[in-house]
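Questions regarding the structure given below will be posed in turn.
To keep things simple, chains are lettered A, B, C and D as they appear, and every chain counts its residues starting from 1.
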Amino acid sequence: MATIRDMIAPFELFQPTSIGDAVALLGEHGADAWVLAGGLDSFDWFKDRIKRPGVVVDLGAVEELRGIRASGGGLEIGAMTTLTDVELHPDVRARFSILADAARHVATPQIRNQGTLGGNVAQDTRCWYYRSGWPCYRAGGNICYASAPKAMNREHCIMGASRCVAVNPSDTAPALIALDAQMVIQGPEGERVVEAKDFFIGPGIDITRMTVLEPGDLLTAIRIPDTWSEATFYYEKVRDRNSWDFSLVTVAAALRVEGATIGDARIAVNGVAPHPVRLQHVEAYARGKTRDDDNGRQAGELAIQKARALRHNDYKLSLMKNLVRRAIRGMEA
Amino acid sequence: MAEKLIGTDIAPPDLVAKITGRAKFAEDFRADGMVFAKLLLSPMPHARVRNIDASRALRMEGVIDVLTAQDVPEVEPPREPVLSNEPLYEGAPILAVAAVDETTAAAAIEAIEVDLEPLPFVLDPLDSLRPGGPDAWTQGNVSGREGFQSLKWTEEDFARMEGGHLPLGEPLTEWSKGDVEAGFAEADVIVEESIVHQSLTHHPLEPRSTMAYWQNGKLFCHTSTQSTAVTRVALAGALGLDPDDVVLIAEFCGGGFGSKISGTTHMQVPALFSRKIGRPVMLRVTRYEESYIGRARPGFQGWVKMGLRENGRVTAIDLYIVQDSGPHGAGDYNTAGSITDLTYQPENMRFRGVPVLTNTPPKSAQRGPGGAQIISMLEPIFDKAARQLEMDRLEIRLLNAPGHDATFGPQDASLTSVHAREALERGAELFGWAEKTSLSGQRNGPKATGIGIGLSPFTAGNRGFDGLLIIRPDGKLYIHQGIGNLGTHSMADTARAAAEYLGYAWENVEVVWGDTSRNLPWSCVQAGSMTTHSHTRANRAAAEDAKRKIQEIAARELGGSPSEYEVDDGRVFRRGRPAQGMGLGQVAERAIALGGRYDGHELPDDINRVTVVAAGNVAGQGLMGVARDNYGGEGSIYSWVAGFALVELDVETGVVDIKEYCGVTDCGTVLHPRSLGGQIFGGSIQGMGMAMSQRWVFDPQWGVPFAKRLYTARPPGMLDVPLDLKWDAVGIPDPQTPVGAKGIGEPPVGAGAAAITSAVADALGGQCLCRTPLTPDIILAEIEGRRTFGPLEQHVG
Amino acid sequence: MELFRRAANPWNQEVLIGVSWDLMWAAVIAGIAFMVAHALLVMGKTKRLAEPAAEAAGIPEKIERHSMGARAFHWLMAVAMFALLVTAFVPVIGLQFPWVTIHWVAGVALIATIVYHVFHSILKEDFWSMWTRSVDVKRGMMLLKNVFTRSDAEDPKTGKYGVDHQLYHHAVMVLTVAAIVTGVLMMFRIDTPFWERNPYLLSDGAWGIVYVVHGLSGVALITMVMTHVYFAIRPEKLWLTRSMIFGFIDRSHYLEHFDPEHWKVGSGAGEALEAPSGGALAETAAQSPHESV
Amino acid sequence: MNETDLIEIAQKSVSRRTFIKGVIAAGAATSSLGYLFRTSGPALGASTLQGTVGRLVTLNVNGQQRRVDVLPQETLAMTLRYKLGLTGTKLGCDRAECGACTVLIDGKTHYGCSILTQTVRNSEITTIEGLEAADGTLHPVQQAVVDEGGFQCAFCAPGFVMSMVALVESNPDPTREEAAHALSGNLCRCGDYDKILNSALRAAELTRRQA
């Protein structure tokens, strides 16, 4: 069977109007059903004819999945809220600006107008071996092409690998982890709430998924507790192009700073592992330290302790080290 | 006196169509009963087709037929066939399917079984030159005049590679002037570097889609091409047709940059398929396919040694280039040799080169072919020499830049005009070089500032093409243009040469272009920045012919001698006695009445056959001006751009932020200032993409490329280029052409790229990476002293 | 039911990538079927106890059946084997956990125990007791006859290991060696401390075979382990199971089930145990004719 | 004969198959209708299970109600180009990267190549063809481009123009940097960004004057 990467293969399209109907449909069709949010990740798969679900459940018409509302001192953001709406929402900007910042770093205005927060955190990896439709571990095969001795893996991971060395591409994920966000999931057995840092899973646990979402599950909302409201934030995404590009390494930090001293901290990094990584040992180190370059350097070294480079991504060690250093120190030396 | 047209800003006549959606590009045409073709691409970098089983596809409802290598013209290797049973790169089209709709066509492709036998393949030219290394073709790895050969270097040659030095084995071409060794002996400073310039795809925004159908034995082809008259002849030639049996419609071209010069190889697919099945066929080329068949700039792996006297004069340059030629070859490496000689004017020079065939997507000229690559590589090395001599980098360029008497290249070619120094001086002024030198290497937190210069020449003209224009009884001037319309505006701008000479107001000028059924004259390929120069000449020649005829008719009608008559504002009148004259509409009527050469029934015998036919078709419709450009001229025609850039390099992330850029050109007389600015910036920005981000990446195990998406090929977006852009032109006319204008398309690419590579090296304190693209990983690896790729490794980053 | 899992490699060539996990269920079903069948066949079969034989004289009360080393090996191997099967198949049935590292570490442990076992059984144990001889086969046939005819006839006495034990041992040996050899190769496709990852160590075709063999031996071991455990917990075999824990069986079991000629204990035991294996073989060979009368 | 008539034929026809024949027979004026997809899936108009989409939809494009037969997997760019004859919306990459297919959906920019037509049934869609006034007066953004002589090959132009329209409507007085960010979802390979930004600022100026 020859290959062609054009035209979406036929599928049956459902446009439920309530979470209940959506969950029911997903339950009904199981693994054959595909959840369509903004669709910007999905359409690549469909047009490349690599993923061919028989049934697509378009969440666009489910109003209850949209919008940002106050909840328990913090915010609850519907999973189908567009990244533009997240970026521009006054409360998000005023209290959790790091999330607005992260949303603004996603791709392009058109994509932010359509792409959703839920879709951004649930998107699949961009490993180009996997995206080429090759039968790698993640695709259900028995090989990782990207970790071969001469493989092209400058954009792959430096830690947390288990057979698969792909990285999580989400720009908002590290920000949500830094904010101690919680993911609200509707499943066949009803609702469950998962901490953002546990929402993303590595290949060791399930090599075919990036998150805890299983067939039949629906991410309905993301809750931001008031814990880090108006904290000191640091977000930096390093990429090859300043629009429409995935991160090489991204750092997101929320700090409570009294004077020059760091009270408490949350630091998350993406682009370095198959899932966004929360650096608890660096957070522990940072507590009670002053925000200066020496502590920044220390924190940076600490951050990459367990990192190991592949053939072409040694630079990610320096990058991660320096970005964590900046998160602690601040942009200016 | 009519308005001055040359040197003024006039929006091109097709602009409104372009921004209202009315402009129809090839893919926008529909024809009755039109069907869709889709390509089956090779999954292997080099293979032999053992068997094709399309039976299942052909049984599918809506599938019409299959076009295979048996159905296409044979070509002489290493030239590119339309479809092939020995695909030479992953993505090479093996066959095409036609179906009533695209969904069916795609499904049909998947229903076809192609049995392929994998063959040895090579991605990196140096691998092919190693003893026992693989060859891209079964016949060999280089193709010269004597056909194919398998060129291998020795283990001793490769021993040099240990130190990251390019092996200097047996070259395929070599030329030298003076004695390069003696030159180095005289030198006080010698710099020597091995260099790597990546290959990168053209990625014009419009993929090379084509729609074609046949009517009464004539082929009607809507395609995307840079040229028009030439493309029609090329297509006819490829299909073995008489050009008169081909109607080529290409009013608009969504970019080419060298990848669609005389059309495209695969525009033949719908033409052949349509003939086979008797229905109009649309080949909508996808971006994915475009990245394979859309051409790429050849990559270089090279070595250069430069010697300079303490006064800064270059005594010798020794340059060796190994070129990644793709499966079908490219000429960049030779151009790189002459451009180097031209730009630095070394007293002694040696050039050696090997173009190695590889199993990578086909290469072709890309804006500033050869020149852009070598200038962007050599400028930072030149800076290094300047540093060692403690000379100002502007000063050393002014010192070595060519003067009017300059010669260059293996044939010691001369130049029609050169004002490189003026461009450098004006650029330095505009950029504020003197003030900014103090910023060089300055640190602000993690940000290091760097400033750079790139001086880049390229061919900018040609001679001997035809002009064809008619003044109709409505008094309007119709200027026929056989050139293309790929956005340079030259289609309209070169017409000004005729309009202004005949004193026409622009609103009374109609430009006829883009459809060969509208009788277009023989014109140059719209490439190599030839058009502006070639067709201001050709149109001026036609205008002079028309003016003579107008004056003769006026003299006939109103008495006196032709030389006493002037033409302006749509009238011809007796000098000093404006009342004694007639409107050009009347003149046109008289011309038709007179017939003969006046209305095109008699044509000059030195014009091209294509022009003869075109003129013949419009003969008798008015007063015809038709002539070949016989102005002649001595020496090569080159334009120059001096680029200056200021960058901020973040030493903690390796990210480069281009803050300012300014480009100043020597391209003779300025025809259309705003368009010229667009060309300087546009070319420079393509150069920035080349220097900063674009590249190919291949998996060495499978020989499969990965930069098949725009975000992996990384052409620069609006946020990747400086908001602070300035341009200017020296504006000194070229003495050897009536209008004084030279082309501009190519030189800005090298200037933009080199200004950046030079500025980045400056920000790194003079440390030359000598490779592109300068992505954060490569810069960071350099800063941390931990390179993660081989010194001469191609296709990384 | 699909037997194999196939995929198209980057060059769009079809390659084997492993066995179909349906086979896992097939193996489980086979195991269950065997147990049920056997249980039904031997159901209610009352066994006469053989009268204490005259040879009882000179036979100690307790007879060592498995040395400390042998038992240690058996149980360590069992642990490794269970770890391997659980980490291999539990994720397949949908219970996800980080299994890869546990799996290969258990594999390495298994290799270690087996290496020990090989040397220990050759140098320290009666290696030849596992050697299947014609007489073992004959007795095996009689045993089967008893089982299938549900006859009350006394089961034939055997050497230290009956042919059923021997064949089981050989089968497990073959499967385990296959799984180990392929498993070690597969460790080139994951991160281990031993060597650089190299997924291209073998050709696609060869890898396909490696994965298929590993998968087949894996699922086969499911059946083997199931049946092994089944016998271990059958009431009439508990005394044997106990011997794998405490090392000893008592005289009555010895006299009831074993042929002293072929499993010498007591006075002759020392000699039998210490005799070079060659000697042991010569001896048994010498006895076989008289045996067949 | 226009699309709507055809849809009528289609509805009368028992199966989609005869519909397709009808289309091809219908000839040039309408031949674009059948181009993209031959059918599969539920019969015309028939809306099946709860939530499944029907094939025959009405789109609000440039202020007109256009009835059109749309497959579930069909993208808006394909519907516009191949079924509604609105070829001003270009396909540069068909992967939501280049922006040539940018259209306005309820006033916001979207990549037409990467949104299902079925999901915009109830939205206002504006394409490049919908900007000119009925009397042919150019939209301020288009006028600004003419004033500034923007664009080279202009294959990207329709997309850029749509992004500029969204920009000046949301931010009538943008800085050059704000404009660059607003237009960063469109790619111009000719690198004419400078003139495009000049046009955007000029467009804002013209819009302010109108207001």
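We take it that contacts are C-beta pairs under 8 Å (C-beta built on N, C-alpha and C of every residue); 3 or more make two chains touch, one makes a residue touch a chain.
Remember, it's a predicted structure, so these values are computed and weren't measured experimentally.
Summed over C-beta pairs in contact, the chain pair with the top total is B-D.
Taking each chain's centre as the mean of its C-alpha atoms, subunit A lies 49 Å from subunit C.
With centres defined as mean CA coordinates, subunit D is found 70 Å away from subunit C.
The centroid of the Cα atoms in subunit A and the matching centroid in subunit D are 31 Å apart.
Chain centres here are Cα means. That of subunit A falls 41 Å from that of subunit B.
Shared interface positions of subunit C, defined as residues touching 2 or more other chains, are 10, 12, 200. Shared contact sites, meaning residues of subunit B that touch two or more other chains, fall at 43, 102-103, 286, 699, 701, 704, 710-711, 716-719. Touching two or more other chains at once are residues 94-95, 97, 181, 184 of subunit D.
Shown here, the protein chains touch in an arrangement that is not a line, ring, star or fully connected set.
Contact residues on subunit C toward subunit A in their complex (touch as defined above): 7-10, 12, 15, 17-18, 96-101, 189-191, 196-200, 207, 211.
Listing the residues of subunit D that touch subunit B in their complex gives 20, 24, 27-28, 31-32, 34-38, 81, 85-95, 97-98, 100, 127-129, 131-132, 138, 142, 145-158, 161, 176-177, 180-181, 183-184, 186-197.
Within the complex, the subunit A residues that touch subunit B are 1-7, 9-10, 49, 128-129, 132, 145, 148, 150-152, 154, 236, 238, 240-246, 248, 309, 311-316, 318-319, 322-323, 325-326, 331-333. Subunit B contributes residues 38, 40-41, 43, 102-103, 105-107, 109-114, 286, 288-289, 445-446, 652-655, 693, 697-701, 704, 706, 710-712, 714, 716-720, 775-778, 780-781, 783-784, 786, 788-789, 796-797 to its touches with subunit A in the complex. Subunit A contributes residues 1-3, 132, 134-135, 140-145, 147-149, 161-163, 202, 204-206 to its touches with subunit C in the complex.
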